[in-house]
Amino acid sequence: MANYDIQAIVQALHQVRDDWRDSQSRVRDPSARELPSPEAVRHIIEQLKGALFPMRLGPEDLHHENEDYYVGYTLGAALHSLQRQARLELAFNARNGEADAQAISDRAGAAVGALAAQLPAIRRLLDSDVVAAFKGDPAALSVDEILLSYPGIQAIIHHRVAHVLYQHGLRLLARLIAEQAHSRTGIDIHPGAEIGAGFFIDHGTGVVIGETARIGENVRIYQAVTLGAKRFATDEAGNLRKGEPRHPIVEDGVVIYAGATILGRVTLGKGAVIGGNVWVTESVPAGGSVSQASLRREQRDEPGSS
Amino acid sequence: MANYDIQAIVQALHQVRDDWRDSQSRVRDPSARELPSPEAVRHIIEQLKGALFPMRLGPEDLHHENEDYYVGYTLGAALHSLQRQARLELAFNARNGEADAQAISDRAGAAVGALAAQLPAIRRLLDSDVVAAFKGDPAALSVDEILLSYPGIQAIIHHRVAHVLYQHGLRLLARLIAEQAHSRTGIDIHPGAEIGAGFFIDHGTGVVIGETARIGENVRIYQAVTLGAKRFATDEAGNLRKGEPRHPIVEDGVVIYAGATILGRVTLGKGAVIGGNVWVTESVPAGGSVSQASLRREQRDEPGSS
Amino acid sequence: MANYDIQAIVQALHQVRDDWRDSQSRVRDPSARELPSPEAVRHIIEQLKGALFPMRLGPEDLHHENEDYYVGYTLGAALHSLQRQARLELAFNARNGEADAQAISDRAGAAVGALAAQLPAIRRLLDSDVVAAFKGDPAALSVDEILLSYPGIQAIIHHRVAHVLYQHGLRLLARLIAEQAHSRTGIDIHPGAEIGAGFFIDHGTGVVIGETARIGENVRIYQAVTLGAKRFATDEAGNLRKGEPRHPIVEDGVVIYAGATILGRVTLGKGAVIGGNVWVTESVPAGGSVSQASLRREQRDEPGSS
Amino acid sequence: MANYDIQAIVQALHQVRDDWRDSQSRVRDPSARELPSPEAVRHIIEQLKGALFPMRLGPEDLHHENEDYYVGYTLGAALHSLQRQARLELAFNARNGEADAQAISDRAGAAVGALAAQLPAIRRLLDSDVVAAFKGDPAALSVDEILLSYPGIQAIIHHRVAHVLYQHGLRLLARLIAEQAHSRTGIDIHPGAEIGAGFFIDHGTGVVIGETARIGENVRIYQAVTLGAKRFATDEAGNLRKGEPRHPIVEDGVVIYAGATILGRVTLGKGAVIGGNVWVTESVPAGGSVSQASLRREQRDEPGSS
Amino acid sequence: MANYDIQAIVQALHQVRDDWRDSQSRVRDPSARELPSPEAVRHIIEQLKGALFPMRLGPEDLHHENEDYYVGYTLGAALHSLQRQARLELAFNARNGEADAQAISDRAGAAVGALAAQLPAIRRLLDSDVVAAFKGDPAALSVDEILLSYPGIQAIIHHRVAHVLYQHGLRLLARLIAEQAHSRTGIDIHPGAEIGAGFFIDHGTGVVIGETARIGENVRIYQAVTLGAKRFATDEAGNLRKGEPRHPIVEDGVVIYAGATILGRVTLGKGAVIGGNVWVTESVPAGGSVSQASLRREQRDEPGSS
Amino acid sequence: MANYDIQAIVQALHQVRDDWRDSQSRVRDPSARELPSPEAVRHIIEQLKGALFPMRLGPEDLHHENEDYYVGYTLGAALHSLQRQARLELAFNARNGEADAQAISDRAGAAVGALAAQLPAIRRLLDSDVVAAFKGDPAALSVDEILLSYPGIQAIIHHRVAHVLYQHGLRLLARLIAEQAHSRTGIDIHPGAEIGAGFFIDHGTGVVIGETARIGENVRIYQAVTLGAKRFATDEAGNLRKGEPRHPIVEDGVVIYAGATILGRVTLGKGAVIGGNVWVTESVPAGGSVSQASLRREQRDEPGSS
């Protein structure tokens, strides 16, 4: 015998949903799913990975003779499906204003078209990332191993696709793509972050890179590095200002070791080296280095500097 | 030709299993699986998520007209299946004592009934968590995005369900639910922790919240925060005492930034702010704040204080 | 209407792949997949888990009467499949030299045979790990719970299998197995690391253990612990030397608390205790302990010591 | 090395498709699938079976307490999905004329609404069919066995649903549902056929029932019975007239044994018995019987009668 | 907008179910599925096929070295699962009488034990069937082809298993197994039929073999052959008597060509040959033959004989 | 408690397999599956259907823009996989003679190359079959409906592919493809049969077409028609001669109604019409017709003619 009254719970849950929708001023519209589907996005990103690296991340029944055909087929399917998801996101965003279906469809088409056009350039960037990983990790056996098994490469593939969608206003789709990488790799890169060629994250678990971070070329970072916002500083009205540059600028060739925390719109100058576990809230000049040891020394010598 | 002798390995593995079972004083009983199935638990929690948030986490073939029906059907199936898993856990726990099937069934029914009755309240709490995330993250676009993509929300949904099971003695089921969130999000909340409304974890990877932690309302924490036990302190007999309160109390409105470690039964007073990467082993008064800078200052000024 | 020209993108992607293959001096050979398949490896490791712990990690339709049969069948299938993957890896490695199919097949057979022969010993080691977890975590309910739900146990199962493959030159297969555990648990153990019996990782997210680390018996570590290389030190030519011992030696009975970072070929002596969040780049004597407090004291007293 | 030139074959197949589309005066429209999906239809009919007989043909996680919820949820999903398939069929049919989306949507809604309204009546009819099978087959053990295993029941469930769709102009959807039963059971009932309550087909393989057949109540037929059109008779212009009644009328209580062939718009009168393997092209009076023996006799006595 | 009122239909369907259950004097018991699951039975029969012919009908990851292990594992799983299904059937049959769980369990165990014990003998019989097919079909290439592709072999495998269950009172399970073969092959053999070694059905679609048919050794039949009951003959009370021998006896070495219909408890004597499409309702002596031509001749010569 | 002794049954089954292999003079070779896989063949034929009719039988994510890419990709994958299956069949056939791997590979390549080259012609033939179905069935709504739902079209697609493989010596693969159609449609066409353009089978259940049948253009047949061998006639040695023409020749434009049986190497002349259920063992002249009525008349008038 059941120790619960299904009918009562169903009604109570119905009431909570009604209260929630009221609190959110939601109209109860008759349409079904007004939001993109995480499952569909998951499929799209897998298709795009296959189209970008057919012989490594594509299906097993691929051979050189049908490689291009696979790429064309899969791209066509993925972009078409992405367009549908894009329309869902844009229509949802426009739900309280005028919902001009044609305008939404045009914007979705433009965004997806932009991504499509950039795919070859994205692949070139990803090739540079693979090379950077190979050079940066003494344990790497081959570029192929990196594509097959390095979490940092998975994360940057997701990011380079997500970033284009973000730039074209598909922020929820971009976020879903980013979070799927986050779940699998522990690496959390906001789709808004700008990242140059030759980027390498080793190990990666716990890395967080914020929305307005700007990272140059050939930057290397390790697990648990945070490029975050300095949360304490607020504006006069007491509110955090949205969209303002609030994350670090990391110039070319910088290396940031595990566990380092860089906060605020500071600049790590070209070639700077940031030691493990350090806490940085001020800019570091080009070629400079910061480490636990240096911080302690500095701390004793120049007590007011931090 | 095989370079191994399957028969010999099978026998050797059999011997190891026998040794193990002997070492554990296990009876070789003829029944099959005396423990709950992680796969079944995974399915149950997905069903409960669907029942709690049908239009966001339920199936794609859902529309307003069959929303309540879906909730009722899915709840019925999930609770029924949970009851079976609960009986498995309780029977396993009772395996060395008297195994009164009826008593076990009654306890399982009571526990599941309690969860069922609390589901509407759990949904209300989760709504408050979603609102907290929306307010707490300047990058959040909508409450819907949060449900679909924020790892912190996934973790708290799992926790609020797991906590009720934990309270009713289903500790293994609770643990399985918690670990499934941990695997996907990197957020490790022990099902025993008590957590108030409006809880928000941003980014989340590396967060650990211990069994006896008590967290008030509207608390916000960031990635890699630990609310742990102070392991060095032991009792007179040299053993760690089980079940004793050993994790922090975090009062309403506290904010804990990334990487902070709070250890032991200390209290972070109402509205306290704990800075990133700090190491806290003593209580912080209401409205107080601790940061890297303050600690260094304090360290120089009052060397004996920590 | 599509906003993209599939044909143009396919051609551009083809061009990028050609450029890449040229840059990598890759021959365009007619064969299909010259690398092991992550999907196949995932299946193999699941089969091995089932063969090692049939009643806990095997299928639900298992009973004592067909337990050995299951073990024999599954082992046979897994080892056969592993042999094929091993041949793929070895053939790929040999691709620029002479590719003697028989020699490759023999080496694959030898490696898989070695793993097969060690499986009973691996199971004994894993039993010791389970016991260590039970003793080390006051919240653990039973050894069964640990097998079903503790991420640390999943990681060490993967590692103990991967390590044997690594020792026999199957480094890519070993890496794939390790990364699959990393993705699910956030624990990143390089397959080269040597780890003794009774190893326990609690919580685990963010743990990184490097290739040449050597860990004794009954060692316990917590989340976010790094056993890494000291990256600053380079050799005279400015290159990192490969394969050299560069990660810590951790002797029997050591405990390392959450967030501690141990870098370089230092030795943590028998029974040493390393406190949370500390940064260690020098050896610690047997029975010694390092903590935030001790470091600060030391830092003030002996400023030159670090 | 491949013994074929993929590119040449792709082009040749493209050419054949172009020729075909030209021969069919097909516009190459940019939309994808303008026709209903057999896979979607397969899913819908399974859902409807579950909604009609929840405890026998529904999912295994069903219990009395959530039976109605299951029915409501599944019905809602199935009818919604059916409406989409109906729109696809109607739009396809209208492709050469004006394609008024609203009109199409209205007609689809009306057809699906009609089916929905008749479902309770369909269930009552099916109950009568189950009872008829139980009475008609001495080997039947229970009404439950009949639902679970009799091919004739599967065929009549499909038919009763398909017939309503046929009546409302959804002829392709109706056909897909009928053919799916045909494939599984070997029973080929045209969705246009009218069939009264208490209908029972035993064994069933090879049964064919034509579009304009009309079958009364409590009719029983066996394997390989054909209720077909008399093809030889043509009209003056030499064309077969479409839609005209051209299949038999079978009145209440008729029994037709295996292999009998009844052709043309003849009437088998109330309670008539048609023997196995006979060939009937003329009406049989109420209560009459035809058999191999009677035909042979008749054939000798009245040579001109057939 | 929906053209239907889900709630009204759900209620109407509920009413129909209630009416049905009342008409069937069904108790509304709280348990879920009191009947065997066709899906479970489908899985069991596939497992048994694999255990009987591991290298032909078993999984692809099978090799000689783990063949016996596979057989043992799969048998154990299949028989265990079958026991559960058997208990379900027996409990259902006993639902209106006393339901002694132990007695039911014992009977289920006895039945499954009987099947288990007979499996080697069943395999020998099936080997004789394969040989018969190879000898009987000039187009057969090898015994392996027959196992892989001949529908007649699939049907007889199902039958030989189903027949044992039928003999031990598991009539519904037997029926489900038989119907699954029927659906795939168009061959409908009642599980009650007794069939000797070396049985071969060619093509097979439309074959029907009744419950009390008895078939000797080395019998060969073709598509659309019926071994049925003579339905016209009824007993004095006007009812068909259940369980009485009412289907043909077919002695050793008989051949029956396509489309022949043999009705009633007649005997086809040893070595008799029955021509295509003939209709036989009387016994045929050993060595005799019946054909269209012979029947016509007979018909003209001895008009009263049929 | 189990009522069976798994170990004893495993051993007994092992013994039966050994006996069987001895009786078949089988070597126990160490390789695994020496025969083609029905599952692989099923996948290949589905891929080929998709490549032949991409917009009707291909995947749902297909659009005109990626149609050719899909065709190229899928063809490449299917033909590659088919080559592997072809090698398996040829190697198996050669198992008792010399097994020259290169010769086998060449023959497999030649056969698959021949199929590849004929695919465009096959598509043209199938288009003619679709048109024939549309013209031949007054109930057909559109050519699209025919592709989606007519069993006769499924059967002829399978046949036209299987026939090419048969012609190139891949008889087992051809048979597997044919039997998969047989199982789904009840239509059993031997892959050896030669069938001209514009072939239409209506309803189809029970149709059997023998290995040496030759069918002209625009032939139409109905359910349960047999084009078989006249089995009674044997050669002087008492054996059936293999490979000899033994099935009917059906010339252009012939129509054969349901249930007709045509046996032996007879010729149905151009445009002949064969009535339902008739039994034909002699040739019919061009333009001739045979029906139940005509046979009876003939039978009475010319008693010696049959």
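Going by the order they are written in, the chains are A, B, C, D, E and F; count residues from 1 in each one.
As a working rule, a contact is a pair of C-beta atoms (placed from the backbone, for glycine too) under 8 Å apart; a residue touches a chain by one contact, two chains touch by 3 or more.
Note that the coordinates shown come from a computational prediction; the quantities given were computed from them, not determined experimentally.
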Checklist outcome for this item: Computed over C-alpha atoms, the centroid farthest from that of chain D is that of chain C
Checklist entry - Which rotation angle, from 0 to 180°, best lines up the CA atoms of chain B with chain F, given as a multiple of 5? => result 180
Next on the checklist: Sharing more than half its contact pairs with A-D, counted by residue number, which one of E-F, C-E or C-F qualifies?
Outcome noted: C-F
Next on the checklist: More than half overlap in residue numbers between the two sides of the chain C-chain F interface, or less? Answer same or different.
Outcome noted: same
Checklist outcome for this item: chain A to chain C, mean C-alpha position gap in Å, rounds to 26
Checklist entry - Hey, how far is the Cα centre of chain A from the one of chain F, in Å? => result 53
Next on the checklist: Nearest whole angstrom, what separates the Cα centre of chain C from the Cα centre of chain D?
Outcome noted: 59
Next on the checklist: Please output the residue numbers of chain E that touch at least 2 other chains, ranges allowed.
Outcome noted: 1-2, 6, 10, 30, 32, 62-63, 65-66, 68-69, 71-72, 75-76, 80, 186, 205-206, 224, 259, 277
Checklist outcome for this item: Residue positions on chain D within touch of chain A in the complex are 2, 6, 10, 32, 65-66, 69, 80
Checklist entry - Can you list the residues on chain E that touch chain D in the complex? => result 1-4, 6-7, 9-10, 12-17, 19-20, 23-24, 28, 30, 32-33, 35-39, 92, 171-172, 175-176, 179, 182-183, 186, 188, 190, 192, 205-206, 208, 211, 224, 226, 228, 231-232, 240-242, 259, 261, 263, 277, 279, 299, 303, 306
Next on the checklist: Looking at the complex, which residues from chain D come into contact with chain E?
Outcome noted: 51-52, 54-56, 60, 62-64, 67-68, 71-72, 75-76, 79-80, 109-110, 112-113, 116-117, 119-120, 123-124, 127, 138-139, 141-145, 148-151, 184-186, 203, 205-206, 223-224, 257-259, 275-277, 291-293, 296-297, 300
Item to check | chain B contact footprint on chain D (complex, rising order) | outcome: 59, 61-63, 65-66, 68-77, 80-81
